[in-house]
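Here come two complexes built around subunit A, the first alongside subunit B, the second alongside subunit C.
Coming up: the complex of A and B.
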């Protein structure tokens, strides 16, 4: 009996391991290999070409700028929404369902939806024109208005991907027994103190998961940027796409991909360290 | 100095009445236990006193101040929760200090008071540890120390010992009583465990179905229950209830005639198991013994009086065998007479 059951868990988990191995680890190794190979043997030629490219600095700057602005805003918004939703007594599920609708929309579709709002002949301009605030169509997404374009992308990203943070934080909030907050209240803590001294520290594991997930995805941002700004707003994933498809240079595209992975890994390592919860501090 | 006045408090959850017009006074420094089975409303009443629930009607007055509309932190009380609610991300010191920190007490004051509360509850050796490293009993002590550190005028406790094992519970019960007597804190203590309530409380409020059935000292409640419920809930074994008919001012059970305190045909006699003694000559109330359980300190006899289930406690040396019919002598002054229709005790004649 014990002899037979010992291999059953491995057999059951084997399909998913094989599937991920074939479609994730193999391409990953291939990509890394590709990025370091040019002609014959290993070399850094692809990385040199990447770093020497006109758009490289811009792509780095834009990607980091987007991440640094979007991720904290999303976490603050999601925290506020999660706190409010968890206070609801009736209609909680409905509110949560509405708030998470954007999660069901693909990022390209989300980008196109915001394009129809923000483009020259879009709904925003029509509304502003009807109100008499602008004399004619204004280009918000052009190269001449980089801040408007940036703001549009930030808005679309917040609309699209805050809900995933919200879902993780709501699940985390539900794990905190309400007695902790009640005890703090009895002993004189104001609502803000309770949030800061009780809820936030106990939510740390969930915050860590949400931050890692959102930051990694933010470094990979592509479809929304591409739909709204094309190449007016270069980002790292967009550059990888351009080198792959337009320049047909798989080596440089692979170098971009490896760079994004390295940045994501570094960010993850920072979060794991900065927001670690010692086992003795777990509930 | 703080007494607690609960004045006609009602609590409704939708159409369900959790508390029906409850009034209770706890005097300054008094220990009052709210005792009852689960669902009787005792925890709801405690949470209303704390301000964690809002009453549907009625007032809560603490130390002469109407706190009915105040948030918990404005009520100036301390509470020990059933699951302790000791903050896992803070050391024992910070847990005990929490209330003092919220009052913005000076650092040396905090240190002094935390150390005193910790010494009182014998947790002064663990102040720098996190709660996860403590046993259940130690966490319980941290929760009590946190409550006592603020030197509260009013202390609320919600089944604080129910998560401990039996031996630890007995030990903590004794210690709690000593500590709280010394502190002179007005305490309201919720429990479903009658021995805890009897052992700790100055007075017990027995609750059932959202109402207070009886308030009194442990001895009063034990000896003179106000209702059939109280008699059946308090005591182990519970009080026996024997249905009798009162005719011409007396009730007959077997050869025994007992004077009825009031007229009324449907009466029940409430008899504590230890208030009956075995008659040497089988006279008195006939009792058919079915099971004999030697409990060490006493014999527990289960059987029937007049065909109705009864449990009798006798000295451990009594010679009784199962299947035997014995006679019981009772002291009429120790009987409780219950009106069979209302379930309420009638005053003795």
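Coming up: the complex of A and C.
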């Protein structure tokens, strides 16, 4: 069915290859090179400055903490959403549209939306006040309340990025033949067993890509954090931004970038191994 | 809100397949909670955007709208730089759409219609981009962009946004073209069309809705991107970069107005592409 190999396909992919070469591969190499160069020659100065910075430990801890808390919660919530939506008889399209709205919302806008709830004179405090739990406006997003701030960021992140997991999982669920589940039902498998033994294993490829996508993005988290807490909650990408734009130190910023890339690649490798699907396991 | 309209219990239970009413009640309660979870923050940021200074500091707040007007929003748009930033966002997103379609669609077509040496290497390159936090690659580009005069232009921003959108566009258009039988094209060749004519007259019209959906995704990717846009601009900021910059010093109601403006196109676009959403992501996440 395929046409004879000619120059045509190469001409068709050439522009995108050149483009990705110039704006993906080159900057990638540049970042690594920049992070190891200081004055003349190669050195680890940038990495030493990065590691010696006060915020470095905090940024590492906060970024990992956010990822470890947010990503699993998103997967569980998205699975629950997908299961519930599949049980709907009416209004499924409308429900899906609403549930996927955050997919198109910028992380900055998501942070600002949650800021309207969580700010001192915001709706959360108003509700707590109405219930008689607090005497007046309370700050949740300051340095004195790191856990409340962390919790706020977690909420905003779950609100914003669960939609993408939901879409990937629903797309994956559509590929699973209904007959499998029906057959299991005939043999008396409970809904929970069917979910655990049939749906979940067959959903593994989708789970894998959702996890990779979400984890890579979670290590890049930045604007949500800034919108809610400013500098009160250092994260890796935020530090890279600060070193680049405020301190004008491109070397240390590049060191942060390399660190984020290394963590992302490691996470991707872990997911690829842990959730490997053998071809014969596919429907 | 939309949640309530579909929440009304269904009076007719004469369906062939129905859940027991208790479970159905539970399902709809959960569903209503999820819908509220998504919609309430948007509703509150809208109240903040149209409530102005007095609205933001009113205490305690009521969840019902009061004293809303367009004045605070107009005020925000009249701040020096806001309108310009809005325009820059539109330009950058528009250019991202053009570039990612012009570069991605031919690649998608090549992957769909030809088998050639290096095909898998190309797929690997495209998939590789997904394992990297791409926006961060804007960091070293600052220097080279300054040198070639692309720094601080929406054009420069759109280039890095195209890196984000291009892999997506290539994979989606690939499956789009695979869905159009090649026999249609071959028939056109038989009738004397050149390859290009056959593509333009036969394939393109069939692929147009899918291409439009891809374009909209590219637009949203660029419109929402914060990190690279903030790194690569100083005066000609996009709206996200502008908002990030003024985050620390601007009053709350301006921030909410900005957040609301950022959200609006996304809501409309997701509505426009809702039919394609799952197909597109099913493909792009394979």
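The working rule: the second predicted complex is superposed on the first by the 274 of 283 C-alpha atoms of A that agree within 3 Å, B and C clash if a C-alpha of one lies under 4 Å from a C-alpha of the other, contacts with A are read in each partner's own complex, and residues count from 1 in each chain.
Methods note: a contact is a pair of C-beta atoms (placed from the backbone, for glycine too) under 8 Å apart; a residue touches a chain by one contact, two chains touch by 3 or more.
The structure displayed is predicted, hence computed values, not measured ones.
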Per-residue contact with subunit A, leading partner among subunit C and subunit B: C
First, second, both or neither for A:177, with subunit B first and subunit C second: first
Which superposed partner A:190 touches (first subunit B, second subunit C, both, neither): first
Partner chain in contact with A:198 - subunit B first, subunit C second, else both or neither: first
Partner chain(s) touched by A:64 [first = subunit B, second = subunit C, both, neither]: neither
Subunit C partner contacts - residues on subunit A that touch it in the complex: 1-3, 5-6, 8-10, 12-13, 15-17, 19-20, 23-24, 27-28, 30-31, 34, 81, 84, 87-91, 93-117, 119, 121-123, 125-126, 129-130, 136-137, 159, 164, 167-168, 170-172, 174-175, 205-206, 209-210, 212-213, 216-217, 219-220, 222-223, 226-227, 230, 237, 240-241, 244-245, 250, 253-254, 257, 260-261, 264-265, 268
Residues on subunit C engaged by subunit A in the complex (per definition of touch): 2-3, 6, 10, 15, 17-19, 27, 30-31, 34-35, 37-42, 44-45, 47-48, 56-63, 99, 102-104, 106-107, 109-111, 113-119, 122, 125-126, 129-144, 159-160, 162-163, 166, 170, 182, 195, 220, 223-227, 230-231, 240, 243-244, 247-248, 252, 255-256, 258-260, 262-263, 265-267, 269-271, 274, 277-279, 281-282, 285-286
Interface residues, subunit A side, partner subunit B - complex: 177, 179-180, 182-190, 193, 198, 201-202, 277-283
Subunit A-touching residues of subunit B, taken from the complex the two chains share: 50, 52, 71-73, 77-79, 81, 83, 85, 87-89, 98-99, 102-103, 129-130, 132-133, 146, 150
